[in-house]
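Okay, so here's the structure we're looking at.
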Amino acid sequence: MLHHNIFRATAMALLLTSATVGIARAEDKPKIGGTLRLAAASAAGTIDPHISYETGFYWPIFYVLNDGLVTFRKAAGQPSNDIVPDLASEMPKISSDGKTYTFKLRKGVKFSNGQEVTLRDVVATFERLFKVGNPNSNLWYNVIKGGDKCVESPATCSLAEGVVANEADGTVTFNLTQPDAEFLYKLAVPFGSILPADTQASDLGTTPSAATGPYMITSYDPQRGMELKRNPEFKVWNEDAQPDGYVDEIKYSFGVQPADAVTAIQNDQLDWMWDSPPADRLKEISTKSAGQIHINPSFATYAAEMNTNIAPFNNKDVRQALNFAVNRRAAINIFGGPRLAEANCQILPVDFPGHKGYCPYSKNPGEKWAGPDMEKARALMERSGQTGQKVTVTVGDAGFDSRIGTYLVSVLNDLGLHATLKVISSNIQWTYAQNSKNNVQITVNTLWQDYPAPSTFLPVLFSCGAFHPGSDASPNISGYCNKSIDAKMEQAMKAALTDPAASIEKWSAIDHEITDDAPWVSLYSPNLLYFVSKRLKNFTYSHQARMIFSKVWLD
Amino acid sequence: MSDNILEIRDLTVAFRTEQGPVEILQGVSFDVKAGEIVSVVGESGSGKSVTSLAIMRLITDPNAMISGTIRYKGRNLPGLSAREMRKLRGREIAMIFQDPMTALTPVHTIGWQIAEQLRIHFGVGAKAARTRSVELLGKMGIPDPERAYGCFPHQLSGGMRQRAMIAMAISCDPAILIADEPTTALDVTVQAQILDLLQDLRREYGSSIILITHDMGVVSTIADRVLVMYSGRIIENGAKSDLLDKPQHPYTLGLMRSIPPMTGERPHRLPSISGSPPLPGNRPEGCSFRPRCEFSFSKCNAAPPLFRCNEQFAACFLAENGSHQWQRNSAQERTGE
Amino acid sequence: MLLAVVRRAFDMVFVMFGISVIAFLIFFATPGSDPSARIAGRNATPEMLAQVRASFGFDRPLYVQYGRLMQRLFIARDLTSFVNRGQKVVPAVLQATPVTLSLVFGAAVIWLTAGIGLGIVATIFRGTVIDKGLMLLALCGVSMPVFWFGSVMNLITQSRFHDTWLFSWVPGLGYTSFFESPSLWFKTLVVPWFTLSVLFIGLYARVLRASLSENYQEDYVRTARAKGLSESRIMLRHALRTSLITLLSMFGLDFGALVGGGAILTEVVFNLPGIGRLTYQALQNLDLPFIMATVMYSTFFVVLANALVDVAHAWLDPRVRDAR
Amino acid sequence: MTIVSNTSAAPAGKDKRNKPKGPWRTALSRLLRDKLAVASFLFLASIILSTASATYYADHISQTDPFQSNLDGHIEISGEPAEIMAADSEGLGLGVTPIGPTWTGQYLLGADAQGRDVAARLLYGGQNSLIVAFSSTALCLLLAGVVGTVSGFLGGIVDTILSRLLDIIWAFPIYLLAISLSIVLISKGLQIGPFHIPSNSLLLPITIIGVVYVPYVARPIRGQVLTLAKSDFVLASVCLGMPTARILVRDILPNVVTTLIVFAPIMMSLSILTESSLSFLSIGVQPPAASWGTIIQDGQGLLYTRPLVAIAPGLAIIITVLCLNFLGDGVKEAFDPKAKLRVGKD
């Protein structure tokens, strides 16, 4: 059986490299027009692109609405991780010290409200990031000169020194306080969307912003849905950055439960669903509607974060014991079976830049996980002297979390701990788990990339600076603080400016080192399964924008 | 016999119980003549009400077994179809009940309830039914009948309710009116008015009235003929004057004794019949009054048939050969001489 | 009379005030319900949190926060969600109302008709096998968890027998407005209507059966028979007419509670975007403005239903009318 | 002018020669004569017994730990090995389906999404469902009895405050209140003085369900006590100078207790239904502990492939509640036929 599974896993890996399982035949001719019907169980809050951090949910929408100076290439597979010029007419000129970036603004691009995109809008956009309290303004954008001041007093934010427009030659120059290898990524994500200068300096909430992309939002009601129509002002300026859309309208319905969405897609009443199809429908759709399924790897790690500051997980032996004991295959079975996830022992997701297969917590330690090792686990538990400790597994109530939690409880009990499960609203789970005051011992989360660089995982989740005791905003949930690793991360960041390849090597080493310390039990990298209607063609999966809404057409 | 409007023969009503059938009525027979007021007296549980309900075929208990004949104008009521019987009820034979509070539907106005009956039996329109109902209420001596028409039962006094009840009963001009203890729930003064009303009705419409009561005073006021019931049987039957003067059955005598004298000094304590009537399932052998009877003798171990004594009938072996000593005594006692 | 109305109104306001305070306290006492962190976003610093807290007034004393919330809910009517920022609460509640009304109205028609029908039939056949069978069925209806029954109905109509002629007409779950497509509106609601009404059919049939058999013991039914009325007329115009008063008071309270979000489980199971589901989502998201709005809305209907039932009771039952 | 004897004759001739018994003994003997009620009681007892045997069942018959996930295991069915969680091989091979009913000792009713034996969980879940129902009913009746009696008997300001409080809880839609309390309490547990009830304790659903139904019982009891307190015999006792406590114990409490007894089965059936609803919304009994409601919730995710996981606990609930309702009818008839019981439900 085991052998059989391994065989299947390899077969799957082969399949995955082809990125999509649904077969788009060459003779399918592009069609223009029609309404693309999307559905999700619920909306996800504000649609202010400077505020919404819904990387999976709203960012793919923002990518067809708005443009930054640069963006990720709208393409399938690895090329989608590349940065291409967007509202800038070419890639920026970077000074040799890496502290100034000069962009030439493209001429003649208009917002959906008819105004032209001007240098003033660019400047205003970056000031607005601070004014509206962009979630990363203090982490990403404070590298811009004047940024730290803006973080302190957002209302009066001025980036007069940081973002300098030169009306004469139509360029804008960013002055940074220090070199930043990932600055372009930070401009390429939707936070960098250029909005009109007169956009209100507070959360837009449910009011759509002016668009530069092929579509614009015409209505948004979080209880019901969202409607996107063609932006009449849009003309293609760079096919790679912002291609025109095929469909005329996109209609996103909220409040559609996954099971109902599956049925609706089967009946051709919907074209695409955000949520994963429920586990008990997988068999049915994979036999009946195999051609409508697209499975793609995602840059995410599903992991159980352990609190390294309180018992019993302040004991490395216990953390490693749990790592040895957890059967990743079992977790994958909960998630929907071996086709939908790949076992992972380390922090960086499978295939992510810097990921080098490494699994010390396996029957036969090696590059890949090969099965749990209960003997080692028990031995480590024995050594730790923590047997009998009480553990509460705190998980959110959405998705598979509570079921994985149940499984973890069962493993912890097997190891001789006294484990109980605590399910809380998934809406508060993320902040609740972060606050060290709540003494969460172990929790589970899916950690997604922001952009394709190891720094979106490692420093954000494991640096000493990312741990704020007693705060709801402390993404280093493990409370893991290791000065030597902090120093190494610093070095890796620096290296990225000069020698990207060496930097990646460094990140890989850090990844492995943290994995050895076991602040997490990484379980797997989930694959994204998209179930689409028969008439949806040219499904294009980008690592950044997921299904590119402007690329699909309807038969 | 042709002037008998109602002839009842051998009416027996029994209920199936866990202990076997229990006879509530044991072969009741009597006649009612046109225009006659027949009063049925007896203690509670003697079978008076069951008799009246049996005539109306209103015993709905599925465990009831009814036998005997009830001839109304020659038609045997138990043999009629439910539909025919329904046409008769309220139209030919009407009934008024003891407690006018509970006997009227609380959620309809009394006017509506009277009109309902008129509309059912005569098919008259709403307006005509209303006019007639108001008229009837007026005839019953209800002041301001227009207002009373729109009143709900609980808004009227007991006497008014009973008048309304009677108005309803006579609305279709029935040939027989069965009044089941119509005055029990009322004040003494109102009782007299209601009894006057019943007498007026007989005079005006010529209806026969079967008046069921346990009150000898009521009997002496208006009855033409009296039936005395005890434990499911008629034990004495005779014209009022005869029966009151010369009761043939010791039980009747007992009843008479319990009436306080009309004149003279009231006795300190009214004499009463000792003991209580037997339960229907638990009757003694022979005469069921025997255990309470001060005159009982060996013959009483057998059930006495109705003996004729002039125009009176009595189910007592003492009456087998005409009147007896105790009768005279009782008559003297009654008049207080 | 005026005094009674004023008193009644005062009672209503008092109860609603009490409930709003309880709901407010319940949710402000919850750890993690402080929306600042969610509003501030994923990687917010403690300083940013403090800013958000100040700008939303979360650092003010509780009674000030309560006052502000109420002011924005009832007077300014511009209260917005903490989760879906910018979304106004009042229009969302108003939008959900027709869904709940559609569900409850339809179910009410079914349960009144069937409940009264069953009650009458059982009374007519009282003591027989038919009576016992119907009452057993009614009791089963009362004993079923509504969400479970809904799931089973879904399983039958959406999956197992969906491809048969019997249920092929059943559309997928969700709600279509009556004005969009009356026929689809009807089709989507048939199964939820039935599911929601089953419990009440059982309840009403049992109550009516008990009340009618009680009435049949009453003297006035005998009077009605003595009047020569037909059995059906006695049943409908006399016995039932009297029982309806009890039934209608029950109905008023049930209807009020359901319109006020009591159909929460049915709405969740059938994914109907009504008040119940709105409330449930708000509770799950700990979205305080929505919770307050939906709780106040529900309470309003429950309290109103109570008041209306009192009035209707007096109107229908002349005895009560005169008693006051 | 009336006949003196006033013995009423009962036409059916029942209840003759009754020796004077205490009212409760009379009621009990009446209850014992109600065959349906007795049968329901026996059936309930057998349900309780079988849930009590859960440990035995798990150890000796199903031979699995119903609280231990078993996502990667095998069993033997008639000699053939079978995967408990079988990854599907047809089509694209997506999805993992738990083993279905084997109708043998192991996995009699199949496995749930965690590969646990549904039949064994059903018994364990029944334990919790019944414990919650019993305890919350007891709590509710106790609170309602105290509040109703105190409020009705003392009157005055105490009554005003308590009745107002009851009014508010009464008007708070029952499920909303229960859900609100559950969501809040489950996220942090409950602190009563020095005692801390952790969030996954059964005491939480017990307390919540017990409390939210208090007005439904307390209000009728208050009314009853109010009537009793004004009744002639209590007034007479007061005039005779009897101590208040004695009046309470002798005249009022027996009546209150009778009402509570009549309410008990109905409240229990309500509690079971409420518990299952809360658990269905994941805010009742907390996993990995199970109740019938949580098993239904678990089964929701398997409705299409293994519907039995959700259907079986539902049937268990229906049967139990049905028995309780029959018993409730019997108890009502025996103890207080005139009692008007009607408790609102969703």
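Letters A, B, C and D name the chains as they come in the text, with residue numbers starting at 1 for each one.
Heads up, the rule we're going with is that contacts are C-beta pairs under 8 Å (C-beta built on N, C-alpha and C of every residue); 3 or more make two chains touch, one makes a residue touch a chain.
All figures in this text were calculated on a predicted structure; none of them were measured in a lab.
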Chain pair with the higher count of C-beta pairs in contact (A-C, B-C): A-C
Most centrally placed chain - per-chain CA mean versus overall CA mean: C
Chain centre separation in whole Å, for chain C relative to chain B (CA means): 54
Chain centre separation in whole Å, for chain C relative to chain A (CA means): 41
Gap in Å, rounded to a whole number, between the CA centres of chain D and chain A: 46
Whole-Å gap between the CA centroids of chain C and chain D: 23
Of all residues in chain D, the ones touching two or more other chains: 183, 187, 303-304
Multi-chain contact residues (two or more partners), chain B: none
In chain C, residues with contacts to at least two other chains: 31-33, 284, 286
Complex interface listing, chain C residues touching chain B: 127, 218-220, 222-230, 233, 237-238, 241-242, 245, 316-319, 322
List of chain C residues in touch with chain A within their complex: 31-34, 36-38, 40-49, 51-52, 80-81, 83-87, 92, 95-96, 158, 172-174, 271, 273, 277-278, 281, 284-286
Residue ranges of chain A touching chain C (in the complex, touch as defined): 42-46, 51, 53, 133-139, 151-152, 154, 203-207, 221-224, 255-257, 259-260, 263-264, 267, 269, 397, 424-425, 427-428, 430-432, 434-435, 438, 460, 468, 471-473, 475
Chain C residues touching chain D - in the complex, by the definition given at the top: 11, 14-16, 18-19, 22-23, 26-27, 29-33, 139-140, 142-149, 151-152, 154-155, 159-160, 199, 203, 207, 250, 253-254, 257-258, 260-266, 268, 279-280, 283-284, 286, 291, 294-295, 298-299, 302-303, 306
Contact set on chain B toward chain C in their complex: 53, 56, 58, 60, 62, 86-91, 94-95, 97, 99, 102-108, 116-117, 120-121, 152, 154-155, 165, 168
